[in-house]
Each structure stands twice: as C-alpha cells, then as structure tokens.
Amino acid sequence: MKHRMKKAPMGWNSYDYYDTAVNEEQVKANADFMAAHMKEAGWEYIVVDIEWYAKDAGTMRDKYQYIPFGDEEIDAYGRLLPAVNRFPSAADGKGFGPLAAYVHNLGLKFGIHIMRGIPRIAAHQHMPVFGSSVTANDIADPSSICGWNPDMYGVRRNVEGAQAYYDSIISLYAEWGVDFIKCDDICNTNVYPHNPYSAAHEVEMLQRAIQKSGRDIVLSLSPGPALIEKAWHYEKYANMWRITDDFWDNWDLLRNMFDRCELWQNHVAEGAYPDCDMLPLGKLGKGFGKPEWDTNFTKDEQITMMTLWCIFGSPLMIGAELTKLDEWTLDLLTRKDILKLVSNDYAGRQFDKNEDCAVWSCLNQTTGEKYIAFFNFKETAQEIQCDLKEVEQFADTEGNVSCAKELWSRKEIAVQGNVLTDTVPSHGARLFELH
Amino acid sequence: MKHRMKKAPMGWNSYDYYDTAVNEEQVKANADFMAAHMKEAGWEYIVVDIEWYAKDAGTMRDKYQYIPFGDEEIDAYGRLLPAVNRFPSAADGKGFGPLAAYVHNLGLKFGIHIMRGIPRIAAHQHMPVFGSSVTANDIADPSSICGWNPDMYGVRRNVEGAQAYYDSIISLYAEWGVDFIKCDDICNTNVYPHNPYSAAHEVEMLQRAIQKSGRDIVLSLSPGPALIEKAWHYEKYANMWRITDDFWDNWDLLRNMFDRCELWQNHVAEGAYPDCDMLPLGKLGKGFGKPEWDTNFTKDEQITMMTLWCIFGSPLMIGAELTKLDEWTLDLLTRKDILKLVSNDYAGRQFDKNEDCAVWSCLNQTTGEKYIAFFNFKETAQEIQCDLKEVEQFADTEGNVSCAKELWSRKEIAVQGNVLTDTVPSHGARLFELH
Amino acid sequence: MKHRMKKAPMGWNSYDYYDTAVNEEQVKANADFMAAHMKEAGWEYIVVDIEWYAKDAGTMRDKYQYIPFGDEEIDAYGRLLPAVNRFPSAADGKGFGPLAAYVHNLGLKFGIHIMRGIPRIAAHQHMPVFGSSVTANDIADPSSICGWNPDMYGVRRNVEGAQAYYDSIISLYAEWGVDFIKCDDICNTNVYPHNPYSAAHEVEMLQRAIQKSGRDIVLSLSPGPALIEKAWHYEKYANMWRITDDFWDNWDLLRNMFDRCELWQNHVAEGAYPDCDMLPLGKLGKGFGKPEWDTNFTKDEQITMMTLWCIFGSPLMIGAELTKLDEWTLDLLTRKDILKLVSNDYAGRQFDKNEDCAVWSCLNQTTGEKYIAFFNFKETAQEIQCDLKEVEQFADTEGNVSCAKELWSRKEIAVQGNVLTDTVPSHGARLFELH
Amino acid sequence: MKHRMKKAPMGWNSYDYYDTAVNEEQVKANADFMAAHMKEAGWEYIVVDIEWYAKDAGTMRDKYQYIPFGDEEIDAYGRLLPAVNRFPSAADGKGFGPLAAYVHNLGLKFGIHIMRGIPRIAAHQHMPVFGSSVTANDIADPSSICGWNPDMYGVRRNVEGAQAYYDSIISLYAEWGVDFIKCDDICNTNVYPHNPYSAAHEVEMLQRAIQKSGRDIVLSLSPGPALIEKAWHYEKYANMWRITDDFWDNWDLLRNMFDRCELWQNHVAEGAYPDCDMLPLGKLGKGFGKPEWDTNFTKDEQITMMTLWCIFGSPLMIGAELTKLDEWTLDLLTRKDILKLVSNDYAGRQFDKNEDCAVWSCLNQTTGEKYIAFFNFKETAQEIQCDLKEVEQFADTEGNVSCAKELWSRKEIAVQGNVLTDTVPSHGARLFELH
C-alpha cells in the first residue's frame, strides 16, 4: 500500500534559490529556520534538489546548467552519493544519513531529488547492479534519455536486474532516513512527445521499491505537465505529481495555473495530490548565474498564489531562502487558518471561471465548514459576486449564510440574501469563511 | 442542479437495428416487450434514435446514411418534429407526446436523439426563434457543422437568442414527456480535430434549458471518444458521455474498451456515467441496407461485455430488436444479481491489466459487498489468479475470503489463502461475489 | 495544356483597399490609372476580389466580414452573378462582360475572385446544374465547407454533374472575357487540418474546365500556406498558389516571407509561380470598417518587399488604391530594370540566410546577367558581404566581377577581389546588377 | 562545390544480406563478382554498411541488433576504425585503405556507412578531437541521440572543434580512398518527431569536410523518409537522400514507393538523387538471426521495382549477396538499355496514378528519346492505355509515334492513333521506348 498522507506535503526545496549548487551548511540553515519559525504552522519537509552528487555543479553556469560528462560521486554499484566537497558529513560512505538525522532532530522530515534511471557512466563502465547478477549495461536503455539533463539512462522494462537496481537505491535512501523523494524526468518525459509517459514502468518500480523498504516515503513526480489521461496511474503509484512545467514568479504562469487547477480539480485525494510546483516568493535565484532577486510577484499576486494552492489542495514547497524571509512573507506562509485547507478533508471546486475572474468553493464534508475564494484576473480592481445558492457543493447543506470572514484581512462582511460581494484588487484574491 | 440518478440508465435504443428508419409501431413493440419481460430487472428507457424528423430516412441507403438536403418535418420556429408518415400519432402538432404517454403507461421512460444545433434550412430561410426577437440566421454558425450528418448548424456562443432556441426545443420535449435526450455531434465534434470539444457552450445551454424546464431529463452526449481532459466539464453538465466512437460486435472494439475503461475508471459518480455505448447483441442491422444479422460476438464475448459494462458502471443500452431476443440473451440481460453493480453505490476499479488478461475489483462501500472479475484476452483458455490481499479496494475491509460465487455460472469456488484462481475461456469472463 | 505564362502575373487586386465592397466605378478608376501610368512598366491585370455577387457586402462590417445567409445575385443554375446594385453594367444578365470589355479596351486584362464550390443556397433549393441532368444537391458536399466564408459547399469527387458545374461557371466567365481566376478556400482548406488539400479534385476540375473553355485563363489558388508536399500538384494544375496566409503591412510577416521563399525557391517555373501575396503599400483598408491608412511599411521595408518578390519570382499584385498612389510609391512600382526579374528567364536562389541577414543570387541563364540582393533583418544598419566565388549559381560562368550597380539607388560600387560589400539600412535591401 | 555526378550511383551494399556483421573476405567476394559480371553494365560502388567498427557485431542477435555499450575499435581521437578481427587488412592503423585499394584495382569505387555524430564513449572519456584544442565532451551533445542505435552522440552546432571533428574523420576516410559515405540517423532523426531534421548542421559540416578533403566523395543520407519541406537543403548539401524508411521485399512497401516517387518526381537533378533505398532481390538476410531467404518479390514485382527506380531516377544499390545471384536476376540487373535511364539526362514524370495503375513518361531533352512505363497495382492482369498526345512532357516534341518497343521483353508493339495499349500482369510493369 502506498503512503496515504492525509494532507498535501508542506516544505522547503533548495532549487529556486540554489539551482544545482546547494551545500550542507545552507540546507541546515534553512532547516534551523523552519524548525524555529514555521514548523508550528505545519511545515515539515526539507528537500535537497537536483545534482547533489555533482562535484562541480554550478561551476560552468554560463554554458551549462548541468555539466555534461561531469564528475560525479558514485559507488561501486553505480549508485550516486552526495558530493563530499559539498556535503562533508557524507564522508566515509555515510551518504545523507547524518544530514537526515540532523533534520529529524529538529522535528522535521528530509527529502531528496533524483533523476529517473541509472547513471550513464555506470552503463558505459559495466558496473555491477547491487543485489543481482547483472551489470548496468544490461538494464540501461541507451535510447531512453532526459532531454535536458545528461546524467542518466532510463531503466528497461521487464529485464532481470531492473527492479533490483531501484530496490538498491531506495533501500540506501531508506537507510539514510529519507522521507521524501522527488523523482525528475518521469512525470512527463518530454523529449519523447509521442510517448510522454514513457517511464510509467519506472514509476511502478520506484513505488514497489519504496513499499519493500518498509519506510513511509512520499513519492513526488516531476516535471509537468502531467498527462490528465494518466491521472489514474499517478494516483495509483505516486503521492504527488507536477501539473505544470516549471513555475516561476511571473503573472502569466500564475494565470495559467487556474486552467491547470480547473483540469485537475477532481483528482485530489488521500495520498494523491496534483502539484502546482514550488512557491517562488522571498529571495530567489542566487545559484542561477545572476544576482539573487526579490520575487517578481506583487503582494496581491502572492495572496492569489497562496489562496489557489490551498483551496485547490496542492502541496506547498517554498522556493525562497528561508533565512532571508521578511516579516510580511513569513506571515503569509504561517497562516494556520488558511493552511488547514490543504488537508484532504477539504474539497475545493471551481465554481466559475471567465476571462476576468474565477470563483472557487470549498467544503469540509465532515465539519461542514464552507469557504469561497474570489480571484481577479484583471489589471484593475473589480467587484466580484457569488450567489451561494448556485454553488453545487453547498446544495446538500442547510441554512442561510449571513456572514463571511475574509481570512487574509481578518474582516467580517455581511452577506445579503445569500449573495457574497466584494471588491478585489488587480491580480488579487479574497478567501471567505462562511457562517 | 442537474439530474442525479443513483444508477446508470438502462434501456433500449433503436439505432443498432433500425438505423435512421424506425417507426412508431416498431418502437411500441419494443416497449411492450421490455415492459413484459425486462422491466422487473431494471430496464426502463425506450430511446428513438437519429433522424425521426426525416420523412425519407433510409430510402437512399446505397448512397447516403443521411440524405443531404432531404425533406424534414419542421415547425415555423425551426424546431424539428417527428415525421408523421413514420409516427402517425404525431399528427396535428402533437409531436412525441402520444408515444411518450404510451411508454409511460407501460411504466417505462421515453427518450429521443437530437443533433446539436439548429436546422440548416431554418437558417437559410431566416425562420424566427421562439421566445426571442431574432431569426435563425442570427444564431446559426455556418462554420460549425457536423462532419457526418448534414442537418444542422451549431448555435453561436454568447449571442442573443441562442439560449432561447435551446429553451424552445427542450420545453417542447418536456411538454411531450421526454425523459432522456441523447445529443449527438457534441461530446466530440470530430470534424474539428484541433478543437474537438468546440460545442462545450451548447452542452451548457442544453443543461440550463433542461433545468429551466423543471423536468428530470437525463442528458447523454455522443459521439465519443470523450476527451479525458474535459472530464470535469462532462461531469458538471451532463449525465453520461460516450467514451468511445461507435461500438459494434467486433472483438477488437471490445478489447479496446478495456483501455477506455482503464482511463475513465475514476470518473463514475452519482448522476455522472462514462458511457461504453450500446450493447450489440441479438438481432442487428436491419436498417443498414443489408440483411439483419445475429451478433458476431460469441457467448463468452457477450458475457465479457456485460461483465465489463456492469463492473465499470456504464449505462446499458440494448441495440437488439427486443422482440427477437432468444432465451439465452434475454437471460443474459436480466440477471438482477449482476445488474445491480451499475448502481452508483458500487465502485469498480481495474486491479491489473496486461496483454493477456485483466482483473477488476468492485466494492460497495455501504454494504461491504466485494466482487472480482477476470477477463481473458487470449485466443485460448487460461488460468487467471488474484491475490486478494493485494487489492487496494479491499485494504480497509476486514477478514479473510473463504469462498467465491461465480455469478454467471452460479457456482461456488473455494478460495485458498486469499488467492482466487479460475480457468477462463478464450475472450470470456468470470464474475465472483466474495464471502 | 495549362496556360504557360513566361512571367509571373502583375496587376491590381481590390481586396486590400475595398475588402468585400468594391464597385464598378472604383474598378474602372483603378484600371484607368494603371493604363495611363503603369501599363508600360508591365502591369496588366485588374482583379475584382471576393463577394462581388453579394448585394449587401460590407453593410454589417462590425459583426461579420461575410454576412451569413445573405442576399446573393444568382442565376437559375446556381451560378453567382455580379450584384447589379454594385456593378450596373451587369444588368440584363450581361455579367462581367461589359466591365471586362472596358478593361480590355485599355490594353489590360480582367480577373475575378471565386470561392471553391457551389452556393449553399443552390443545394438547399435543389437548383439544376447547367449542362447536366442533376441538381445542385446531388453534387454539393454538405460536409465540405470553408471555415471563414459561409457562401459555398465543396463539390463532390467523381459524381455525375460535378465537372459539368465547373464547366458551366468557367464557360460563363470565358464568355465574359475573364483572363484570370483567383479561386479561394482551395490551396489550403484550412478548416480541415488533417487534410488541408482536401479540394485537390476541385483544382483538377477547374483546370479541365479552363482548358475546355479554350481561353488562356490564369488559375491562381488561395489562401496559403500552400503545402510543399503538394508542390507537384500545384505545378501541374495551377499557375500560381499562395505560399503564406494573408500578407499585410507588418514587419514580422515580411520577415517570415524569407522563410517561405527559402522553402519554395526551387519551384518557380514557366507557368508556375509560388505566390507571396499582394503588396500592401500606398493607401489601404477603406473597406475594413475603419478609416483608410497609409501602409505601415517604412520605405526601406517596401524596397525589401519589392526586391524579395522580384528576385524570388513571385506574382505582383498591388493592394493599394491606385488613384491615390504618391510619386515615391509609383516610382517604386514602375522600375522596369527591376521588374524584369519576375520573368521566368531569371532564376533566383537563396545564397545565405541567418538571424541577421539574407543574401540571394539571380542568374539569367540565357543572357548570363547576374544579380545579388542583400537584406538586413536587424533593427540597425549593418555591413553585408558576399564572396561571389562561393555563389553556386555563378560557378559555371566565367570571369571576374569588377563592378556592381545598385539598382534602387542607381549607384555603381567597385568590387574588390570578387567580394561585394555594402552597408544596408535596418529592414532594408540592396539589389546589385554585376558586371 | 559538392560532387555533381551525372547519374545516380549504382552499386552493392552489405546490409540486406549481412546486417551488421559483414567481413573483409565477403566484401572482396562481392567486389570480385561485380567487376567480373556487372561493371560493364554500369555498376561501380561497393559499400560496407553499419557497425564495421564493432568487434562483437551480430553476436547477440536474439536480443539486440546493435549491442549497447559494446566493444568498438577506436583511435585516440575518438575516430572509429574497422574491427581488425573482421577486417584483417585494417591492422596497424591502416583502416580501410587496403580494402579500398583492392576495390579500386578492380575498377570499382569504395564506400562506407557511418552514424552521425561522435562515439558516446569518446565523450564519456574526454578524448581529444584531432586538429583542435577541445575534447569530445566539449562538442558531443548528450541530448542528441539516435533512437535505434546506441553508438553516437550528435555534434553540437556552432561550437569550437565541431567542424574539426568532422574534418578529422572525413580526411581519414579520404586518405583511405573512400568514394562514398552513407551517413545514417541524419536524413530523418526520427527519435525527435517535432524536429526530424535536427541534424541539418551536421549535414552541412559533413559536406564542408568533404569539400576540404579535395576528394569527390558522394554523400548519401539515411534513413528516410526525407522531409519534402527540406528538399532544397538536401539538394544543396547532399548527393542522395532516402525518401522512405527501410525498404524490404514486400509488395505493400513497393506499392507505397509510387506515392513517394510522385512526391519527389520534380527533385531529381545533377548530383541530387532522391533515393528509393536498396533493391532486396536475390538471396537476403543471412545476418539477421534467421536463415537466408530468396526475395519475396515475384519476377513481375522485381520488374516493377527496377522500372520504377530507373524511370524515377533513383540510385540503385543491390542488397543481394552477389555471388549467389541466379541468371534471371543477373540479367534483370544488367540491362544497359534500361539502366541508362538513371542518368540525369533522362527526366521521368508521373503521367497518371489511380488505385489500379500508374503511368510514367520519360524524356531525354538532349536526344529526344521518349519512354512510357505502365504499372499494374491490381491482383489480376489488366489492359493499360495511354494517349500520348496528353503527355505533358511530349507536348513540345514533334511527330507521331508509330511504334513502341517493350524493353524487358524486347518486343515491338504497333501504336494506333498515338494511343499506346498493352496488357500488364498483376503487380507487373511494361517499359516502352517510343519511335
């Protein structure tokens, strides 16, 4: 049985700030900050993103994001290890064990990013596969590559040793104490447009390996866009999957997320969370070969983002360097009365969407709590209205709504004749709890 | 609020036997038969399929299925009426009222097929739209046609009089007593491959007109394949929608339906039923310009079809001429212990599928009833096995299974160590109730 | 044998200025102007563009470019005639005969635009097809429409009366004295993306009808983009075909034309001219529901356009209202030393193209005349260079080039060591005759 | 200037019989046979096909056609060399020099197959690129692979050392005496469906390297289907290019070739030959992991194939093991009166094609020689007719045709009233020389 989390994972991911080049000290600093200031609001995962095994990661950023044919930390069985020059505690084959323990001691959980498949160099060097009698060249498929990262070959389907390879890496990660695996180039293997879910068998092998490991590890699939026609497969074998390509601090991408959430609104379930990608707020981008910058989102746009991610039920992964968060952003990220919506008990549904605005409703079927969110797509403020009698989700529930509390502003609004009305600023949002 | 049927509709449709040319007497004969021999098993809808308004339907079958620029029964408002030469009781503007009353008197429900849009001739003749100040040419879109039927133009989006037109036809049908509308060229407007759900706005207008009419009318959308990325829209506005193109008595099409059911398995809900299309068994095809024939499906294939449709939760619409049903087929169609699975209380899920076979599970979450179905895709018999401990649906339920009753054969099988095993004939199926 | 013109047609077309609404007086005024000021430079065709049969053309320009289900001048055989309210000389069934005669008397040639197919209204009214025993509904295909104009249905392939219909309209046009037919919705039937040359059989019927008529009529196919994989078919049955969608006075479209000319450079031949579309210069757009405007092209861009069209060998059709041409533009359009390149004796080839510039060469294989054109795509002036020894076209010709005459500026440039160098303004062009 | 052969290349290729595993002795035996029995008829090229550098080629034929991560003969600069265990004369770094000399001594020409790009192993091992200061990892693009062969990475565009690499291999081949290079995975890089000519820059680098080498080397591009929209590029940089995917001895593929020849008929020119692929006749397939077989083509189908390839103007490359040719096949392949059509002086054009048959015409514009070919697609014999007055190619030539000589049968036929008529057997062809 796959891990069935009752709410969408909430955490921090190193990518948006550090690109490929985060190190141990930086990870610890972010974990310390989360434990001290955010854990109480529900944040718990600390995730080390892509290429922690690359010794020279980030050193040729003007030419390559991922240095081709670069120098990687790898064991005799073709398993990638943390680069010791970047993660000193990994020395002597300890891998991420010490770092995971550090994070666990803070009361948090530890996650890592991996690329689908087996290192190319392992295949070219015919390295043995742990726990099997085959070598890497027997299971590596030289025609299955990632279009944007040069590290791995896909693993073949139905060949001896393939499951053994995935078992060998997952059992290693489980020993280290890994709680969360973000596997990349797997949700949409976009270099193969005629077969963009070409690695479905690798998703299955990963999930089987996780269950064999006996550890409750969240399996997160990247990159998007996930294929809606494979929704049933993601739901069966994974815990979260990216519904868009990389998301950044750009209004067009945020506006587009409403189309993606419309598409995936029926697919949030216990242990199964369509993923809107990381939250690019606060300080960003130091590792990307240019100076760090402050998020390009306005405050209203950040409120829109948080409201949509929460009412839709997306996982929440912060992209910012946490230690540099300003007070306003920290407050935005620690509103427990709003973050509780990402629990599986709350079902969000799009009520209406047109060129100018969107309205979502949300119902907790156990407690009967009701919410409405307004979103303004326009370049100017506008009044948005919702006749609550028309909301399908509230059809079976009784009684009139007389009052609505706007959560971000903490203000009460009177509701006349079951019609909720408010003025919403440009690109902004309102989130109402109804009484 | 759209109609929320608790189970998928079950009925008879004139198309597979009569093509475009069914008449009143034939419809009545099928209704009589259903009332006498099938109603008790849950069958209730009698549906008159395509071109009941065409006076010459079927007379040029060697050249055309649908005679272009043919002679149609139409009122002064561009609303199509039953051709009186084929449906005598429709004389004097009574439409399908008398025939619907006849069907209702038998304790059954009455349905009709319509083509999306407004008659082309109404637009070319500038006929007035009932309940509005516009004429048909104002709302007809000459660039929106059906690729395979020449009767209609699509109705424009957001123009005055468009909703009035749909209101005008639906209120007429409601007056007649229509309980079920199968709208064609709308679920997939396949002549426009870059925009195959180009008539989404017409689905919305139809559902609004139905709700205005005050009558509980089932809205069924054709043809398929429905677009999985529009699942949320079908579920919001329609009651059933075709998940394949036309289905006929051919093993390849039946085999393919397993792929379609895999895709849509998570989308069956109260009032929302993905539709596997009509059941082509018994006598078929008299109207198709060739002699009638007996279904090309073997008995095992018919059992496979019935088992899949039921465990998946598809609507059941019989294509056969009912009065010519043989005893074996009538029995196949009236097994109440099996037909109860099409109720919304029973959730079917694919447990496994490979090149040789498929296994489905089914759970009634209220009663705890459990079912397993085996399907053999091979050209020879094979043994199929299922370890019941591995079935996700049964994970939360308690206790061991010691015994399984195969419903079609009514035989009990002992279950050893929670593993269910049986030999299944080529292209055949087994359906087990577990204890 | 189809018409084999030795050079690409040059003329005027009413569309860019008058849209659907040109009238007889306006056509005559443009013809008079051409005869007086441009004929001597080689201009000869006067073409009446789309919907000359529509009585109300242009009267609902805020809602429709082409009024659906509008009022058309049509004869008893379903053949469209000039609207007499717009073309008074067409009264008494004389059609375009008097207007063609007027144009011929000026020493010019007369052309018309037609839509592929047969009027929809003729099919719905079952009108007889001239010279056959069938009626329009027998040959009209209700599933074959134009995506953007509502007037016609396509004519079926291989049915009795289909060729008779095309013969009937072409013989009428030939009687009138038509020299040029621009048939629309035929080169790319873009509403059918999976079969965009779905009317290939209508092209063949048109060409056969033209040959039967005994008149040398140029057959021009619209709209583009033509399909390069059908090049052989266009070349066999037509005289010119549009290689882009509609071209207007916009730099991006002009820049894009270099890609199209690259693609089609090998396909210019006697009687076969890939068509870059009309020249949108001078005064434009009066009929388009907004005030007329001066071309948005700079003078350098207009020189670029003329140079490319000429060296490539495209037909030249002026979109401007001729009577309002200023002196600079009139000079641009009457440079006989440049216009001679559109003759089939001159073969143009792309020598190089990159992001910043393009270079073309041109050779007259009979006289040995050599040309080089430079084009600057950049937003700033740049120096462009061409080593003439590298030009494939000049490989078989002898001797050094010592001197180049830039034709637009009429200046001589010295050529050092066979390398031609010049500074070209932003978006501008240079055209050199080599000695 | 690229090599401008006056006729399409004719030769032998090892693939259809030997797959990846031909050796020196076998190549010599075929060369000896060609010199003795076929050279006089115009045959001249001896081509060693794919993976001559793979030491173990063919040893795992049950699992792989191309062994992934296998053992290759390679020099210190990442240049592949003939496997000495298969080509003993290549010992001591002599490469194909001795074998090329052997072939040249027979009065024939020598060709080799290469895969586009640089060996993957060279990139992973950072081998130096000859004649440059870079290493293989600098120029190899890890995201550019072949979908079906695991040996190479594509070479990057516009990076230092890329042209040097291609220069380094071509100069080596030129030193060896190579006359013909068949480069694979380049004409259609089919693993990238959105960009199937993704290696256009490598074609350009290859042609530049060939011209630098100073040797007249034919450049042949595989596999097909070539992209008609890139015709101008193939024509500019290559000498021949495959217009289909792999062709084998199967009627459906032969029938399909008529569609491909229709498409490419206008593209045969001096030094530029669209390529219908090898002739799979005689004994075939010994290397393919099953017993050798006799061509599945009937004699009539072989005549059809030879007639089409010749009148179209395709290169002719024999797939058979030459030493096992029977007399009938040898005669088919050595008909000089027919083979002369592959010269560039003869222009073939499709005159007509329908579901049942095709007719082609051919004209030598210098000598005025005229030919007609009939092809019967039906399963039974049929009479085919051609009115010679309708043939466009013959329109400018004078005089009546009174007599036609069918070349394969060497029989004269009287021509009545310029109409040529003959009965053609099923899947067969007739080729007439007209007088």
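Per-chain residue numbering starts at 1, and chain names A, B, C and D are given in the order in which the chains are listed.
Methods note: a residue touches a chain if its C-beta (ideal position, glycine included) is under 8 Å from a C-beta of that chain, and two chains touch if they have at least 3 such contacts.
Note that the structure is predicted; figures quoted are calculated from it, not measured.
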Same-residue or different-residue interface between chain A and chain D, half as cut-off: same
Geometric centre distance via CA averages, chain D-chain C, whole Å: 40
Computed distance of Cα centres, chain D from chain B, in Å: 54
Between chain D and chain A, distance of the C-alpha-averaged centres to the nearest whole Å: 51
Multi-partner residues of chain C (at least 2 other chains): none
Graph class of chain-chain contacts, one of line, ring, star, complete, other: ring
Contact set on chain D toward chain C in their complex: 1, 228-229, 231-232, 235-236, 262-263, 265-267, 350, 392, 395
Residue ranges of chain C in contact with chain B within the complex: 68-69, 120-121, 123-124, 126, 137, 140-143, 145-148, 150, 191-194
